Amino acid sequence: MIRVGVVGATGYAGEELLALLLRHPKVKITSVTAKIDKVQPISVIFPKFANRIDLLCKEPEVEEIAHECDLVFLALPHTVSMEIVPALMGAGKTVIDLSADYRLKDIKQYEKFYNTVHKDVPRISTAVYGLPELYRSRIKKAKLIANPGCYPTVSILSVAPLLEAKLIDIGSIIIDAKSGVTGAGRKLAEGFLFSEINEDFKAYKINNHQHSPEINQELSNVAGTKVEVIFVPHLLPLNRGILATIYTKKAQGKTAKAAGKDSVISVYKKFYAKEPFVRIKEEGSFPRLKDVAGTNFCDIGIKEDDNSIIIVAAIDNLLKGAAGQAVQNMNIIAGLDEMTGLA
Amino acid sequence: MIRVGVVGATGYAGEELLALLLRHPKVKITSVTAKIDKVQPISVIFPKFANRIDLLCKEPEVEEIAHECDLVFLALPHTVSMEIVPALMGAGKTVIDLSADYRLKDIKQYEKFYNTVHKDVPRISTAVYGLPELYRSRIKKAKLIANPGCYPTVSILSVAPLLEAKLIDIGSIIIDAKSGVTGAGRKLAEGFLFSEINEDFKAYKINNHQHSPEINQELSNVAGTKVEVIFVPHLLPLNRGILATIYTKKAQGKTAKAAGKDSVISVYKKFYAKEPFVRIKEEGSFPRLKDVAGTNFCDIGIKEDDNSIIIVAAIDNLLKGAAGQAVQNMNIIAGLDEMTGLA
Amino acid sequence: MIRVGVVGATGYAGEELLALLLRHPKVKITSVTAKIDKVQPISVIFPKFANRIDLLCKEPEVEEIAHECDLVFLALPHTVSMEIVPALMGAGKTVIDLSADYRLKDIKQYEKFYNTVHKDVPRISTAVYGLPELYRSRIKKAKLIANPGCYPTVSILSVAPLLEAKLIDIGSIIIDAKSGVTGAGRKLAEGFLFSEINEDFKAYKINNHQHSPEINQELSNVAGTKVEVIFVPHLLPLNRGILATIYTKKAQGKTAKAAGKDSVISVYKKFYAKEPFVRIKEEGSFPRLKDVAGTNFCDIGIKEDDNSIIIVAAIDNLLKGAAGQAVQNMNIIAGLDEMTGLA
Amino acid sequence: MIRVGVVGATGYAGEELLALLLRHPKVKITSVTAKIDKVQPISVIFPKFANRIDLLCKEPEVEEIAHECDLVFLALPHTVSMEIVPALMGAGKTVIDLSADYRLKDIKQYEKFYNTVHKDVPRISTAVYGLPELYRSRIKKAKLIANPGCYPTVSILSVAPLLEAKLIDIGSIIIDAKSGVTGAGRKLAEGFLFSEINEDFKAYKINNHQHSPEINQELSNVAGTKVEVIFVPHLLPLNRGILATIYTKKAQGKTAKAAGKDSVISVYKKFYAKEPFVRIKEEGSFPRLKDVAGTNFCDIGIKEDDNSIIIVAAIDNLLKGAAGQAVQNMNIIAGLDEMTGLA
């Protein structure tokens, strides 16, 4: 059994991690911590865990955590993770960090979009971006995983095959993404009150979201050249899930056939042939949130027109977009079947 | 034109008052105030009012309000109203107070349920409880209206005819009420975040809600003897509306016929015969929130069984349960047709 | 491995059964059938099962099902189950029927409330009502389980301890129940369209619901005398869950202490001491749907006042109220740990 | 008073028309008709209209309607309107048709996208496309209004100023639109059941929606050359409203300044300077559905980047996208203030 700890257990991602880890046959949760007013059973904070786990939720103390755990998940807000990662790694622990603190290799982008000074710069380059579909072999050996953001996960998985096959005009990528509200975390702000969001819908941070540089970084890696997408997120009046509609222009003269393929769909099917959590829809079928909610799957549908390729993709933002992918990464590191506890 | 002011314009009830008053043909909004960080147009705070009103929303100053308005609506939190009422009334203004501050005649009940000391006790007895269906003639001459709470409005309208006709066992009244989320106001608390309420439902303040003494006070007045109901509110995952299901036992030996009526429905129809905003459903038909949302109506359905009478009633908590009833009271005071601006 | 079949796999309960059984470590789904227009993979009908199950969904043929399965779940509409049960049982199969066809021992009540003639009367008396908390020992040996209705499950679990301890006036029980929309099944009726239910709430079948006789039958069994409850169901604008608020009057002179207990809560705790799926809340705490949604738990909270005892209880209507309880029953029959596949 | 009739009163657009017309000070509803099983009061079909209107809803009879009305609104399904328009116009009535039957000038496009043969071809060219912001002077004199579709209304209003000012690459327009469920009408299909849509989100008719040719037709008119947009609609889990996010590439070398303007926002402000129902947001502000729901406004926000202009626009699909715009057209035809009954 892997002894695991969850730091930041009271947020939505932390709650979801607990739910997953409680069902995981190879894991024992040994530490549950968070910024809290008073120590109390995690089953009192989340009554849904009553009769299922009897650990206390305490303030995180690195030494205690290091003593109790082999692997630690950090479900902390951005800028808080980097305050605890050095000590945990110093104690020899494997860390899977769900925050953005170690995702961006370009420190300037991080400091611009997260509006802070990075306090652990040298470690950034050692962190592995935890998207198994691109970096599985590196994840296997990683000690520090920068678990991808929710929007980047669905965006990168959607566009990578097109870039690798050089099917599209690199400057043409437009990502129109729509996310459920848990994506914002358990944040106390008027804009997240029920009566504000219910029966409402809006765009926000239009082409200025902190996940843009993360998407650009990873798509540039795939393309081997600089990629800059247009990215507009929207807020859906529902709890879970991201659906992204992605518009691209075909590279001039380039067709799937020119790339030696039957169709764009076949390009995707080949790219993800061995992936347990990516499902490519047949022609004419497209994803809906309901099919991925509560799962670790990313569903991708493809519409090829004369000049454009439109991709529609969906994930559960708390699972493949956060806690589920974190557990997938843990499984890879631990040498387990990647679907353990996730099917 | 009546020159009116709204104090507390940035809450849900205040917002709703503005929407109603903007459509009211006999009213000119001359003052819009609230506790705010900086003075700005109300149409910036609520973009939906853009192109419709160009007043600034300022901090409330009694002298200024008194100068600009004939009648003032207070859409303030409980305990805040009583701090401004004395000065406004001292300046000769008519005040319609949507808070609970002047509703309870028993000061001990007020201080117990609102957990504060009342600062304007003598004025309580001069305030008129603003339920037109019971107190229209007194409202006409009132200078201070204690506008009823949302739960009490639907509860009192539902039970009053049964008590007046002495059809039920007075000790048997059980009110199971379900309210939309705007009933709680624009309150910044974790429990009111979208992801907490969406797809959830729960009871709260079980038989211990601050609206219980208000319901008991008014039903006791109708019955001419002390009435104590069991009252359990619940929180619905929707924006607007209250639906109450009310269980009563028939008084022994008492039937509608014994009371000289064809049916319980006919008792209700007679009781509300001249009321523009109470609609009694035909036998076998019952209210739903959709039919009253956005209106000032109270819809009431009746199910008579051998031993029990079950009432189902619905209102829009922001209209008949707050802002709409306040405007209805203003219309009465001003000698206007009661439906003006409300139909 | 138990080879199981699901008949009626395309409804909400069938879909939920598949989801549960796919995760169950001791089960192999060998047959998936439903009334359908054409044979196709169940993973095409429900794309969320893609990559997880590759069976075809066919029209049910008893001989084929009997050949492929040890145990068969029937997730069929009422009146349809009794057409297939005789043949399946004739073939020696264990049947867990989620419909109402074998629940009511009083054939007249069945025929009145389900508006049909029963076609398999003799078998009714052999069926075991599948509520493990009351009938576990009989379930162990059963060949035909009448899996309880969703409203009855939460109602019976809520009231049984009070009746057994004789704490309440038997004629005083009022059950005000609120259910999510999946409780109605995948029914094509205008009243179940999104725009009709969203932002709406209403009561229906007021004290006239087909689950009333089922509740009365089982509570009468517990009380050892005839019990008739008042039961009013309501429709919540959400997918999953039932919350019931239950009002009872204390038996005169009867208190928990008189019954030799510290408190009503302790009566419940003792009654359900060994039950894996019933959680009694501490004093002052009450259930919410979120805590039971997606689980097989029934959460129960208790409010004792001078003259009344109010119970608030919650289940997931598709799990403890249907598919989850069916799997719990299967576990009992198969001699497995009762929580297998359900935790 | 204008005597008006509503044909197709039982659909969502018809219901909305009734609500608007009941509040309209210059209108008397004299006829309410629909395909129905039996004649009954419209206030029984829609209990929310109880105490407000006492007309019977009957099957439409042209002679009767022509006798009772000066102006007739048709809130009928596509292909049904054209069966009744000739007779109504033959009787000299002014007709405002909310269906698509007279919108498309290119008969082939109509027949392809609506999958039917047009039965009243000659009259198409006489119909005026009822978008006041483009065709006010023609609407004034029209006898037959083809009231625009909901998606086309928001799309055309969003893009027209860019095309007129020649600021964008005509081939670059991508419209990612998200609509509430009432947009689909009161249609009995599994896909519109509450449990299917609640907590779900999806794209549909990807770049193949029947509103595409309507958008293309009108934008081509504005541009003076053929425009073909990419248009992808999505279904939001809420009742009312469309929000569209529109991506365009700036015309090479073309800037707002080059067009003699300060900014793209100023281009919009000038274009809509006299429009009562179009509100242009200030820089950095963008529409949300809540601000337009229940109103006839179209709110438009603009984001100008180096190479792209992104427009976010919102309307209420049942008002500016259907019934509200129909009343606006009636006001224009009748020579009334355009906001009468709509503010």
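Think of it as A, B, C and D in the order they're written, each chain with its own count starting at 1.
By our rule, a residue touches a chain if its C-beta (ideal position, glycine included) is under 8 Å from a C-beta of that chain, and two chains touch if they have at least 3 such contacts.
What you see is a predicted model; the values in this text were computed from it and never measured.
Novice: Which chain's centre, taken as the mean of its Cα atoms, is farthest from the centre of chain B?
Specialist: Chain A.
Novice: Using mean C-alpha positions as chain centres, tell me how far chain A is from chain C in Å, no decimals.
Specialist: A distance of 37 Å separates the two centres.
Novice: Taking the mean of the C-alpha atoms as each chain's centre, how many Å separate chain B from chain C?
Specialist: That gives a centre separation of 39 Å.
Novice: Roughly how many whole angstrom separate the Cα centroids of chain C and chain D?
Specialist: 47
Novice: Residues of chain D that touch two or more other chains: which are they?
Specialist: Only 196, 198-199, 237-239, 287-288, 290 qualify.
Novice: Building nodes from the protein chains and edges from chain pairs that touch, which of line, ring, star, complete or other describes the result?
Specialist: Graph shape, chains as nodes and touching pairs as edges: complete.
Novice: In the complex, go through chain A and note every residue touching chain B.
Specialist: Residues 12, 181-182, 186-190, 192-199, 237-239.
Novice: In their shared complex, at which residues does chain B touch chain D?
Specialist: Touch residues, chain B against chain D: 22-23, 46-48, 50-52, 199, 276, 279, 281, 285, 287-288, 290-292, 294-295, 297, 299, 343.
Novice: Inside the complex, what are the residues of chain C that reach chain B?
Specialist: Chain C residues touching chain B: 174, 176, 178, 196, 198-204, 206-207, 230, 232, 234, 236-241, 243, 245, 247, 286-290, 293, 303, 305, 308, 310, 312.
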